[in-house]
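Chain IDs A, B, C and D follow the sequence of writing; residue 1 opens each chain.
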Amino acid sequence: MEASRSDIEKETGRLEAFSDGVYAIAITLLVLELKVPQELSGPGLRHALAGQWPDYAAFLVSFATIGIMWINHHRLFTLVRRVDHLLLVLNLFLLLGVTVVPFPTSLVSRYLGHDGERLAALVYAGWYVVIAIAFNVLWRYMSSAARKPALLRVPPDSPEVRAIHGQFAFGPPLYALAFVAAFWSAVASLAICGGLALLFLTPPRTLPAGR
Amino acid sequence: MEASRSDIEKETGRLEAFSDGVYAIAITLLVLELKVPQELSGPGLRHALAGQWPDYAAFLVSFATIGIMWINHHRLFTLVRRVDHLLLVLNLFLLLGVTVVPFPTSLVSRYLGHDGERLAALVYAGWYVVIAIAFNVLWRYMSSAARKPALLRVPPDSPEVRAIHGQFAFGPPLYALAFVAAFWSAVASLAICGGLALLFLTPPRTLPAGR
Amino acid sequence: MEASRSDIEKETGRLEAFSDGVYAIAITLLVLELKVPQELSGPGLRHALAGQWPDYAAFLVSFATIGIMWINHHRLFTLVRRVDHLLLVLNLFLLLGVTVVPFPTSLVSRYLGHDGERLAALVYAGWYVVIAIAFNVLWRYMSSAARKPALLRVPPDSPEVRAIHGQFAFGPPLYALAFVAAFWSAVASLAICGGLALLFLTPPRTLPAGR
Amino acid sequence: MEASRSDIEKETGRLEAFSDGVYAIAITLLVLELKVPQELSGPGLRHALAGQWPDYAAFLVSFATIGIMWINHHRLFTLVRRVDHLLLVLNLFLLLGVTVVPFPTSLVSRYLGHDGERLAALVYAGWYVVIAIAFNVLWRYMSSAARKPALLRVPPDSPEVRAIHGQFAFGPPLYALAFVAAFWSAVASLAICGGLALLFLTPPRTLPAGR
């Protein structure tokens, strides 16, 4: 018996609603890291606010990165035709990655410009390597030609699928670069993460599509 | 090949779900700024609660402002027919603005009635200028006649579009007024922001529609 | 020109999504009031956890109350056919009420069993009076026979509408009772609020329907 | 008069949206338990981060458990055809269980490795027993043959229903095992909870289906 179109949309719709909720909350909780300076005079407040640049930098990079991850998640699921149990589980692993982001963000906010900043940046960029891998695992499973019936509603060799393959393959090595850079400089590592967010903000068709 | 009506609704639907999540969380996180006074006797508690008026004022203005922004977002997207990559990115910038609101709110709560209140109000009103500009950029892009096929499902010269053009054009200069007022008085600046929220709460057709 | 059925559902759907988000977040933020006791030995921990009964009581009453309010909101909107600007604004006022609930909850948690507990209970029950009034205002507007075309998809004299009228009319006076009780006893006031949540948990048709 | 298919989907859809919101927020609030160590040198930070293993362990077990509960909730509601008042109330009890999870998680994070760890683990595992029972109560009600018209869209003796019966029946005794284990060892209790999450992550058809 074939499930109706409407049942299938409800099925993927709820996975998307849960995922959207997790993304929306993780991206909004980042603001809790922006602390109001306490007990200061007027000029002291100006200096204190300016001195919080690591907080703002870490906030912006994390916001942009989670935002990009949401756009990518959205793109993947516009191609999905049906959902199975393992897809739910792999998506949960990806959401674990997204959910944790406020913690390394907070670590970088706190330690940038202090002793321990390189360790903080290692954790931060390293976590993005983990998420990039989780994205690739999810996508490889979704687009696998071995699944019958297919989870995607486009064939595995369609241009959309190949474009995403091409773009996603860059994620883990590029974040690994940010990870390695953190052994030398925390600021450089964070800047690479920020640059990657900007890069992935550009539409996918302008990136090499793996052919 | 034309995407079906149902695909398009799913597409915009998910952008709306993510945006609704961010708005709902940002507006609800504001309550975390309302702190319970500690270690006080009965009469002391009454004074302490009454003395927190800056917290309540900042909470109410921010709640009303985010609420209005949600209603406006909702209005814009009832006109949307399809979503493209740049629209997702511009919407993300707008959500960045919304997400951050609890931080300047907290700043105003903390400093209103103290040294540094004008700087706090400058940051607060200045941030609303940024959001008002982000709204205009998003809307100009959405309603641009140059996009083919159009992102809106009504023509660029329809009354709905012109009414929104007219209303939105007022946002940045009016919030700039609140920003400038903060150089003289933090309370006046906050009052202007509150007044603008009330103004935008009135239905759009009662505002000048730009003709 | 008549809006299509699908447009209308999208319209009310998004209002519901935003409202569901606010309810879900407000109800979940309550858990942040449950604090883990610090720096205690094993037996000390047991006493400390048991000594937090005001936290648990306030949490449960607030959880049940927000839950009931969500069920009622859900019931109202199953009857809605279309949404207008003032309905969005009145709904926003109701959500303001819901969003704030963690603050008086926290106040009761902190002061129950201490000096100031009656003031805390006054604020708590008083806030529920405000929300009950906001619910009635929203509902009167939704069900008004004066709105053309009607916002509801059932006639103003249908049994569903009259049943809700009957149930909602009880809200403000009953919460006012809890408010008045707080002048004598904070525990009694909180118990009344809890009892009202249980009462409203029973299906509506078992309550007097106003005829 | 029969409600249309579209009305029914809207009805269950909103219950799912609210539930998804609560699950998404509860699972994301867990990250607030991961605290950034303060005021430490570089090597001190490494030790401090490594010394937070109870936080990471409790976070992972709770994340996996809430994630599994969401997948199970999702599975149940794919079978639902209509919603009644008592189903809303029973679902609210289940969500109460989910919402509270960050509190026992925080308790375990704080006390694992210290005096009081067994009490913390008792509360933690005991709470999962409560949730498992709430799941069974909700499911028994949903799948009851006595409800006319049926809440499910499959008959009470269908394979899907029997498979879920079989799987859910294991929940309370297995979490009770983790509860009992906490009298001897907090770590063993937490490990059992983690193992159960992994077990329930496997697709349902690989578990005994009660025949």
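In this section, contacts are C-beta pairs under 8 Å (C-beta built on N, C-alpha and C of every residue); 3 or more make two chains touch, one makes a residue touch a chain.
All figures in this text were calculated on a predicted structure; none of them were measured in a lab.
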{"item": "Fraction-based call for chain C against chain B, same above half, different below", "value": "different"}
{"item": "Far-end chain from chain C, centres as C-alpha averages", "value": "A"}
{"item": "Rotation angle superposing chain C onto its copy chain D by C-alpha atoms, nearest 5 degrees", "value": "90"}
{"item": "Centre distance in Å when chain A and chain B are each reduced to the mean of their C-alpha atoms", "value": "25"}
{"item": "Distance from the mean Cα position of chain D to that of chain B, given in whole angstrom", "value": "36"}
{"item": "Residues of chain D whose C-beta touches two or more other chains", "value": "17, 21, 24-25, 29, 32"}
{"item": "Partner chain C, residues of chain B touching it in the complex", "value": "5, 9, 13, 16-17, 20-21, 23-25, 27-32, 34, 36, 38, 40-42, 44-46, 49, 63-64, 67, 70-71, 74, 77-78, 201, 203-204"}
{"item": "Residue numbers on chain A that touch chain D, as the complex places them", "value": "6-7, 10-11, 14-15, 17-18, 21-22, 24-26, 29, 32, 85-86, 88-89, 92, 95-96, 99-100, 102-103, 106-107, 110-111, 115-116, 118-120, 123"}
